[in-house]
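Once you scroll down, you'll see the structures, which are given as structure tokens.
Both complexes below contain chain A, partnered by chain B and then by chain C.
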Partner chain A sequence: MLRYAFIRLLSAIPALLILITLTFFMMRAAPGGPFDRERDVSPEVRAKLEQAYHLDESLWKQYGRYLTALSQGDLGPSFKYGDRSVNELIAVGFPVSLKIGGLAMLLALLLGGALGIVAALKQNGVIDYGVMTLAMVGISIPNYVFAPLAILLFAVTLGWLPAGGWNDGALSNLVLPVLALAAPQVAYIARLMRGSMIEVLHAPYIRTARAKGLSERVVILRHALRPALLPVLSYLGPASAGIITGSVVIEQIFGIPGIGRYFVTAALNRDYTVVMGVVIFYGVLVILFNFLVDLLYGVLDPRARPQ
Partner chain B sequence: MSLLNVRNLSVSFNTADGVVRAVTDLSFTLATGETLGIVGESGSGKSQTAMAILRLLARNAAVDGEVLFDGQDLLRLSAQDMLKVRGQRIGMIFQDPMTALNPHLRIGTQLAEVLVSHRGQSWQQAMAESARMMQAVHIPDATARLQHYPHELSGGQRQRVMIAMALLCRPQLLIADEPTTALDVTVQAQILRLLVELRREFGLSLILITHDLGVMAEVCDRSLVMYGGRAMEQGPCRALLTDPVHPYTRALIASRPRLDMDVERDLPVIAGAPPSPIERIFGCPFAPRCELAFDRCNRQMPDLETSAGRQCACHAVSLCKK
Partner chain C sequence: MSRLPQPEQGRSLWQDAWRRLRRNRAALVAMIVLGALVALVIVGPWFAPWSYDYIDFDGDWGAAPSLSGSHWFGTDSLGRDLFARTLQGGRISLLVGFVATLVSLLIGVTWGAVAGYYGGRIDNVMMRIVDILYAMPFMFFVILLMVLFGHHLVLIFVAIGAVNWLDMARIVRGQTLSLRQKEFVAAAVTSGLGSGAIIRHHIVPNLLGVVVVYATLTIPQVILVESFLSFLGLGVQEPATSWGMLVNDGAREMEATPWALIFPAAFLATTLFCFNFIGDGLRDALDPKDR
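The block that comes next holds the complex of A and B.
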């Protein structure tokens, strides 16, 4: 088991290296540089700045320098937020992003799972069609459309919730961003859960469970739920990636000071180190999440346990 | 009084392609302690008959008739009361033990939950009793096996687990739906021997569904031959095998391969294919493939003729004229 975990984590290193390399060179291939937007910079000052950040060196040298620092856990200084390191920016922004991302994931799992199960049990009934229609809508509407519409309805028209801002993560400030972030995932998980539950309910072992005279509740909770959760579980990897990319947009729309927002600003400003840092951080996060999902798979399915 | 009395049972399914008639007007009885073999080829309605008795049919099924079990019509029981019949008074085992056990639960859980549900026993008690039942079906290391998952057991052992599971509550009736079809031949024999042994030990009445005449000959007292969802012939197993009356039974027995036969050249087959269950058939379902068929066979289903413990439904042959 430990050996398996070790090998899995080791195999993440090449994936991260590819990610780092691609991001590094793609960032540099983009036109412009971090100091293009500064006004009235004399050529001397500019040269000094570039020298200070080693931007005057060859790309390969910079790449090597970055990798060396990275191997010591140093993501470098931000070009834009002068006195702060990328590590600091992530340390400040991540708890905020984690809060809305984690809540969105939880909501997606619980609500999506519950809706999917109910729809499966009432297959082809009114509830089923209702849930599936809603899910179709949820999947089809992108979050950058959903979020402003939600703001318009709940903040502007009804005045129930604030239109944006963080306010130290107060509940009322969390509701709309979490909803907007979770909506497509809720919809997707509901569809996934419904499909797999319907399939499992046709399995021979469910017929056996019924032939044993078990109540419908026991049949579903003890016999059907676990196998039906497996496809949902394998979707959690992509779902985490979806929530991360979603958070980049949602944090921007709602003015939430998470790393997603730093990322957008950094990308526009060619703040190389911040972009790199956030991409690497997200990469590690997604890899870790997929690893956790694989471990959970073994918990749910005895046949998938590493020998 | 007979333990099970099925009267005019009909099962049909409403599908997008139309109404599928799986069983039509089927009647049979089973005495206490008796073993009835239901034979027929795939699609003859034998499995659906079993599922109808336990009311485990798919939601789109329509069932008509009566299933009197110990004088009670199971088809008219409430869903709640039916739960007390399944697993407790009627046990059932299925064809493929590979898929009939839940791959995600330990063997022990799947056994013990029967006792927990029906008898209200504690899990600990139920586990101990499950281990005893595992011993009764000759699974070595029974207590240790309870901790295993189905995929860690061989096919034969899984079928033994299925049998143990079905017998935990000491049911009066065991329905075995092709219990040996998915197993190796040597394992088949072991499982059949086990069923015969348990039948005596537990005083079981047994319905054995099979398409294997050899299996039926070994285990059953009486046989029911089904074709196209209808009873063709019924009678004591030995008489039916040695002296079949109905043209279908005769053809079925004639088409058994024998060791002294060159199967590629000599194996007799019944020409044609079984009727589509979706067509409405007014006559005998076997008529299109029957050598003895005449006009009336296609128009009108013959009645079951009863004589000296045997029954046969055929216009062309008669039990008495034989």
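The block that comes next holds the complex of A and C.
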């Protein structure tokens, strides 16, 4: 198991390197630079600026310099946010993004899982159709459509919740963004959970468990739940990626000071280091998350354990 | 004289699937609604009283929808007819949906079929690459591409298509692995057909069922990605529009002109809804497990 974990972790290195290299050269291949403004900067100032940020060196030298700094955990200075480093920007923004994303993930798992199980147990009943229709709505309405509609209803018309802002993460400010971020994932997980639960419930060993006279509760929770969770578990990797990309728009719509909000503005401003920083940070996060899911998979399913 | 026994009329996979699909009411309704919607989006702009980029200086800016007037869906804050804009946006969204799905199909089917057919080391390397790419936050790449190289329609097709082929490749490879063991492939090999020809003429046609199901489910995903990009202001350029862009514009003015948000959002959601239902129905209809 430990050896498997080690090998899996090693195989994440090429993925990371590809990610870093692609982003680096893609950014640099694009027209424009971080010091293009409406007002022209005098050539001397420009040269000084470029020298200060090593932009006058050859691309490969810059790439090497970036990798060296990165290996020490330094993401470099931001070009646009004056004196602040990318590390600082991420350190300030990430707790906010994590709070929303983590809550959304938790909500998606609990609510989606519960809905899926209930639907599976009442297969082809009214509840099943109700849940599945709701799930289809959740999948079909993107969160950037859901978010403004929710604001229109709950904030503008009814006035129950604030339309945006962070307010140090007060509960009323969290409700709408977390809901908007979680909605599609709740729907996906409910569908997955229902499907796998139905399949597991048809397995012979469930019939055996029932024949032994075990109560339905024990059959579901002790015997059926664990194998039925496997497909949901393998969806957690894509789900985390979905929540991260979703946060880019959700943070923008609700005016939340997380990392996602920086990304698009930074790319538009050619703020090379901020873009690189965000992509690498989230890339590491997604890769790490996939790795954990793989390990957990081995824990839950003995058949998936490497021999 | 006894009559010769009539040969048993066989039913093809597709006839079977169609029979099952027709019994699925949700999928059937979805197909009708989607058909009507696509027809409206394609034909509608020729009959709409206004052009999508015409600013109606005589009417109110941000006029409310009215069936008695000529602005059925109202106008946006610039005084442009929302009915015409919603249909025009639909053209772009659907076009991107179909073309980008086609791009992802081409890449995914080729990749998966080649990996599955050759197997061994080639398969190993190709699927490792898919695994590595799978772990990446791809949306960021698409955003970067759009931001850095401008919002060209062709670039949107390619960028979205190039990102969405991974699932397709995996599914196709799995199917190809089992197809490769079949007798008709062995027969083709013994009759001296080359690998490329076998993949093209024997493997790919037998993958069509899976491909069709998966393509139907990819289209709504692609439309979602496009509208996501448009929402961030990275999609097509004004005055052309797409549903995602209309939703974005509508969301900004939703307190003054909520209809500018609601109509495009409803069209977008209905389309995605229909595609998902049809995809689900097709999967049930073509899945041999349920027979």
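Methods note: the second predicted complex is superposed on the first by the 303 of 307 C-alpha atoms of A that agree within 3 Å, B and C clash if a C-alpha of one lies under 4 Å from a C-alpha of the other, contacts with A are read in each partner's own complex, and residues count from 1 in each chain.
Basically, a contact is a pair of C-beta atoms (placed from the backbone, for glycine too) under 8 Å apart; a residue touches a chain by one contact, two chains touch by 3 or more.
Everything numeric in this text was worked out from a predicted model, so none of it was measured.
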Q: Have a look at chain B and chain C on chain A after the superposition and call it: clash or fit.
A: fit
Q. In this superposed model, does chain C or chain B come into contact with more residues of chain A?
A. C
Q. Just chain B (first), just chain C (second), both, or neither: which does A:Arg210 touch?
A. first
Q. Between chain B (first) and chain C (second), which does A:Ala29 come into contact with in this model arrangement: first, second, both, or neither?
A. second
Q) First (chain B), second (chain C), both or neither: which does A:Lys48 touch? A) neither
Q: Scan A:Val264 for contacts with chain B and chain C and give back first, second, both or neither.
A: second
Q: Check the residue A:Arg65 against both partner chains and state whether it touches chain B (first), chain C (second), both, or neither.
A: neither
**Q.** Minimum C-alpha spacing, chains overlaid - chain B and chain C, in Å
**A.** 10
Q.
Give me the intersection of chain A's contacts with chain B and its contacts with chain C, in residue numbers.
A. none
Q | Complex interface listing, chain A residues touching chain B | A | 203-205, 207-215, 218, 222-223, 226-227, 300-303
Q.
Please output the residues of chain B touching chain A within their complex, sorted ascending.
A. 54, 56, 83-88, 91-92, 94, 96, 99-105, 109, 113-114, 117-118, 149, 151, 162, 165
Q | Complex interface listing, chain C residues touching chain A | A | 128, 132, 134-141, 143-145, 147-149, 220, 224, 227-228, 231-232, 234, 244, 247-248, 250-251, 254-255, 258, 261-262, 265, 268-269, 272-273, 276-277
Q. What residues of chain A sit close enough to touch chain C in their complex?
A. 11-12, 14-15, 18-19, 22-23, 26-27, 29-31, 136-137, 139-142, 144-145, 147-149, 151-152, 156, 237, 241, 244-245, 248-249, 252-253, 263-264, 267-268, 275, 278-279, 282-283, 286-287, 290
